[in-house]
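Written out below as structure tokens is the structure these notes cover.
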Amino acid sequence: MAVRVAVAGASGYAGGEALRLLLAHPEVEIGALTGNSNAGQRLGALQPHLLPLADRVLAETTPESLAGHDVVFLALPHGQSAAVAEQLGPDVLVIDMGADFRLKDPADWERFYGSPHAGTWPYGLPELPGGRAALEGSKRIAVPGCYPTAASLALVPAYAASLVENEAVIVAASGTSGAGKAAKPHLLGSEVMGSMSPYGVGGGHRHTPEMIQNLSAAAGEPVTVSFTPTLAPMPRGILATCSARARDGVTAESVRAAYEKAYADEPFVHLLPEGQWPATASVYGSNAAQIQVAYDPAAHRVIAISAIDNLTKGTAGGAVQSMNIALGLDESTGLSTIGVAP
Amino acid sequence: MAVRVAVAGASGYAGGEALRLLLAHPEVEIGALTGNSNAGQRLGALQPHLLPLADRVLAETTPESLAGHDVVFLALPHGQSAAVAEQLGPDVLVIDMGADFRLKDPADWERFYGSPHAGTWPYGLPELPGGRAALEGSKRIAVPGCYPTAASLALVPAYAASLVENEAVIVAASGTSGAGKAAKPHLLGSEVMGSMSPYGVGGGHRHTPEMIQNLSAAAGEPVTVSFTPTLAPMPRGILATCSARARDGVTAESVRAAYEKAYADEPFVHLLPEGQWPATASVYGSNAAQIQVAYDPAAHRVIAISAIDNLTKGTAGGAVQSMNIALGLDESTGLSTIGVAP
Amino acid sequence: MAVRVAVAGASGYAGGEALRLLLAHPEVEIGALTGNSNAGQRLGALQPHLLPLADRVLAETTPESLAGHDVVFLALPHGQSAAVAEQLGPDVLVIDMGADFRLKDPADWERFYGSPHAGTWPYGLPELPGGRAALEGSKRIAVPGCYPTAASLALVPAYAASLVENEAVIVAASGTSGAGKAAKPHLLGSEVMGSMSPYGVGGGHRHTPEMIQNLSAAAGEPVTVSFTPTLAPMPRGILATCSARARDGVTAESVRAAYEKAYADEPFVHLLPEGQWPATASVYGSNAAQIQVAYDPAAHRVIAISAIDNLTKGTAGGAVQSMNIALGLDESTGLSTIGVAP
Amino acid sequence: MAVRVAVAGASGYAGGEALRLLLAHPEVEIGALTGNSNAGQRLGALQPHLLPLADRVLAETTPESLAGHDVVFLALPHGQSAAVAEQLGPDVLVIDMGADFRLKDPADWERFYGSPHAGTWPYGLPELPGGRAALEGSKRIAVPGCYPTAASLALVPAYAASLVENEAVIVAASGTSGAGKAAKPHLLGSEVMGSMSPYGVGGGHRHTPEMIQNLSAAAGEPVTVSFTPTLAPMPRGILATCSARARDGVTAESVRAAYEKAYADEPFVHLLPEGQWPATASVYGSNAAQIQVAYDPAAHRVIAISAIDNLTKGTAGGAVQSMNIALGLDESTGLSTIGVAP
């Protein structure tokens, strides 16, 4: 029997990507699609790439429109998920693709988001130590941020194996879809094409505490993170260049061995052969993460680099993967490791 | 029982796209992968987006390596397909993604390709009048060129319904993957990003006689084609802007009615609602064609515009669609109308 | 003594490009910079590429702020130029980069713009027959639209030499800056990168009557124009692919001879050597137009293709060129034919 | 009297950019243009954006062709400059845009380039402490690498003011022109558009020792550098994200004060106002560097970010700037701080 899924916020990029993946999911039947300012419009006008749903019309995001589903994906602005989730009741699997329930420390939330903390839900990054167990049977899932997904997949093995010191430096380039579909002048094609630019520099980006949370948990002690996000002239993809000073005795071999062990059985994380480096194009539209790692003996640092699709593994693909686990389905159901390239 | 498929020329763009689609095809088992200069290399180094095949090694393209398959896709340089096909025997379904068997008139072939004509195979554009019947049960398929696919889907309904005069003007913009993976200076990223440029202007492009063949067949009389291809700064996609002078009595309504009728039941051709225009991003990685049509009363012309993914519907997707028909499978098996956007 | 120039609408793309060029103009002193919603902001925040003006602050667009200049460039929304020009008085050279004064026929204006016609000013395309004479000493200049500039430079020689019939087909690809700096969802980088899409199809684009005006004047009889603009994934540039049926007796040689004659002495229009085709990258940031022409004997059409930078030759560069003529300066002062490539 | 300048290697990107700038230089007369495999070709076919030189034909790079010039720019493959320079004699100003004479330590050269060291020339980064004095009157100039230019402008003030510890982490994104014009498959437009990818990770990039040389000189002690270059989907531009752990007592104010002081009088280095971050589009085609700096108290690091055009300030613009100093001209002659944007 099909799993009936609703998507609240179906007109944006995260909602659209969720629909793209759910359409290919053999166990899913797509139910209500809702929006706010776009309610009443055909999905074909808003998401012209989703032809099978072109004639569906967006409903308002209300308890009534979302009732009667097994799973509800929330792709809402920050701060709106708690109220919707409460109305859905405890038996519905609610998957929040926003930030509201990712952080454990209310002080972190309040400092970075400026509003009261709504709570913490099981965290949808199965590849973390203990990550799958936290999701099995859960009725609430907080989908990780796209940058924390990329950075954690790159650095957690190094911290879990105590290869590096507790100061990480992360510089990540993201495609523009990570900034959402709201029309802002600095996101115009004329502005972003041909340009690289940073933002949120110096610790201000809201994904910073989430990275610290994941890396510190892996390290078993507090890790500081210097995180610089940059906007790259491409629609999708994150390339995260992460490094930390190596601990004494670390070698190229011990680094590689730790990563090989960490990702030997992961269906979506692919450690590349030595000498090959990740490219975001290779994971375009795919739920895979491609990883490579190096030890620089002169700088005495471990450099770990990951490439993901920010909308797929970084948002909606990670959400579907976690949904599969929560529902007891095969984790890979409906998901692909094949990118659309070139 | 699975259909066993080999791909000759697996390191290029057409071969890679065929593999991307075949990996998602539920009836297919991927057999031999062959190349020439790349034989002996891991596919993971050549097509890093095809993770499930990363550890496969390319064989030489020989009768032995290609033996024992039900279907063989050929993604070879022009002029090489005939010899390979002959060696495969008449019981193997051979699908040529090159140009060798597309043209019916040997004189056309010789004028545009400068070599003796190898013959004509059933033409893999099911949406043409009589297109499916020609493919059912066939053991040989000539996959259309990407530009002729886009242009024919745009204009055949107008010619079939006698809406326009027999002089077509076609200007098409193609992503750079249409030019293949051979490293040429004018295809460098530094050259193509931020630039639009034409080539093969004035009737010289090799896809011109193929367009003439398709449009003339639909019209029932010779059609001339002025075709200008342009290179656009994107990896994939074709936008074909096609027009012809309207015949007397043609109206916006009669034009729309003809297209609605032509494509009402087509699984992969989508006539957009009035007021919405195709965008190549909407068909990125998809086998769909998005079409829109207009009548300009001042210029007295019908303008028909199509957007396809040159590698999918324009090459490997069309090939898989035709394979499905030839094998008696559901035509849509393993193919999607969902684009990867944004 | 320096020519004192003000720019009204300095925060947008046309205004910014005018400033970029005026900064390099040896006879110009830049005076007032004005805006509306952006008044009071530093130009450095709005146009961060114009470093020499970074600390200038935008004034409101008022008669007072614009008073006391020899030349005023208007980069205002359609319909606002007439009122501002009137206040400036007859002795100030007013150069309107908007559409208000381009069209001669009030009926054309009203049909395409839906408001009363403000009048007609001397038209700033010196390369038209009689174009320079109309500008010499003038105190009012209507800068042509970017598409009409590209299309007219491509086709006027063919019409002036009676080489082609009076039905032109024009398909043009434009960089996104042509759509301006207002934040609209379909102009987001996420939407436009990797995508080609048409708009205003079927005769609806406002530049259509302007093209008809120019081509008809060259032909000496009414010319119809089928014009399809497309949005290309690049910030700047227009590639216009233009064609018309050849008149009897036309040959490749007669076509080339007509273009060579037309552009032999033009400082900014460059007819490329045979075999070389225009690319928008070659005119990036330059005031040059690169042109090539072909005769297709099979389709019996003349195909003329032009590449310009829509913001430079297509807007602000053409404006400066016309200003130079109006002021009696050397036409090329401060302007370059060198593109920024790759 | 004009300075007569030859460019050896005029068909590549560095040579083309040198010509673009030299054409705008009021004191320069462009003399011989030479190439190797392209000798005998029109420059218009190789550099179609340089219209004023379109009809010039490339000579062979020989002592004869380069004789009789005041200045010779070398844009040659690594290892070829020494032989050419020797033949030119000591009175000609030779400006090497390649790597041959940048490194002081022969061991560094040999380890990274695998050939005998040719020597060390005065280093063409005037903004370094003592940088101008080293260039005045010099007859030999080694133009810095593009990445070291970006990284040094970002971090030298922090090291010179003893703000940071001696371990720098540099992640830089470069446009594809930095990889040159040689046609390699991974540089095809189809591969690079839509993709970010790293290369030379772990200390292997040849620009690493040059960065160490500059930063160590500023610090007065050895600095280690972890450098990761990435290829970004744009033709031009470098965004360098650089950081180092802050020394005790450092504050946001002390950091900003150091940078304000360092760059107060620099004509080409622009420290942005607080809150504004560099974008490579803002320096497109310009010789400016845009810089911003931040102190992250949680991570206890100073983050300095620079944006340059890799071909202009990063190569040919820096070369012209250094030429001006060497010749006793105003340093800014013929150079601009205005970018071509959007």
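Which chain is which? They are A, B, C and D, in the order written, and residues in each are numbered from 1.
In this text, a residue touches a chain if its C-beta (ideal position, glycine included) is under 8 Å from a C-beta of that chain, and two chains touch if they have at least 3 such contacts.
Predicted model, so just to flag it, every value in this text is computed and none were measured.
For the pair subunit A and subunit C, chains touching both partners: B, D. Compared with subunit D, the chain whose C-alpha mean position is the greatest distance off is B.
Centroid to centroid, with C-alpha atoms defining each point, subunit A and subunit B lie 35 Å apart. The residues of subunit D that reach two or more other chains are 13, 175, 177, 181, 188, 190-191, 193-194, 233-236, 279, 281-282, 284, 342, listed in rising order. Against subunit C, the residues of subunit D that register as touching in their complex are 13, 16, 20, 23-24, 42, 44-45, 47-52, 54, 177, 181, 193-194, 235-236, 270, 272-273, 276, 279, 281-286, 288, 290, 336-342. Within the complex, the subunit A residues that touch subunit D are 167, 169, 171, 173, 175, 188, 190-191, 193-199, 201-203, 208, 224-226, 228, 230, 232-237, 239, 241, 243, 245, 277-282, 284, 292, 294-301, 303, 305, 307, 342.
The residues of subunit A lying in touch with subunit C in their complex are 13, 175-177, 179, 181, 183-185, 187-194, 233-235.
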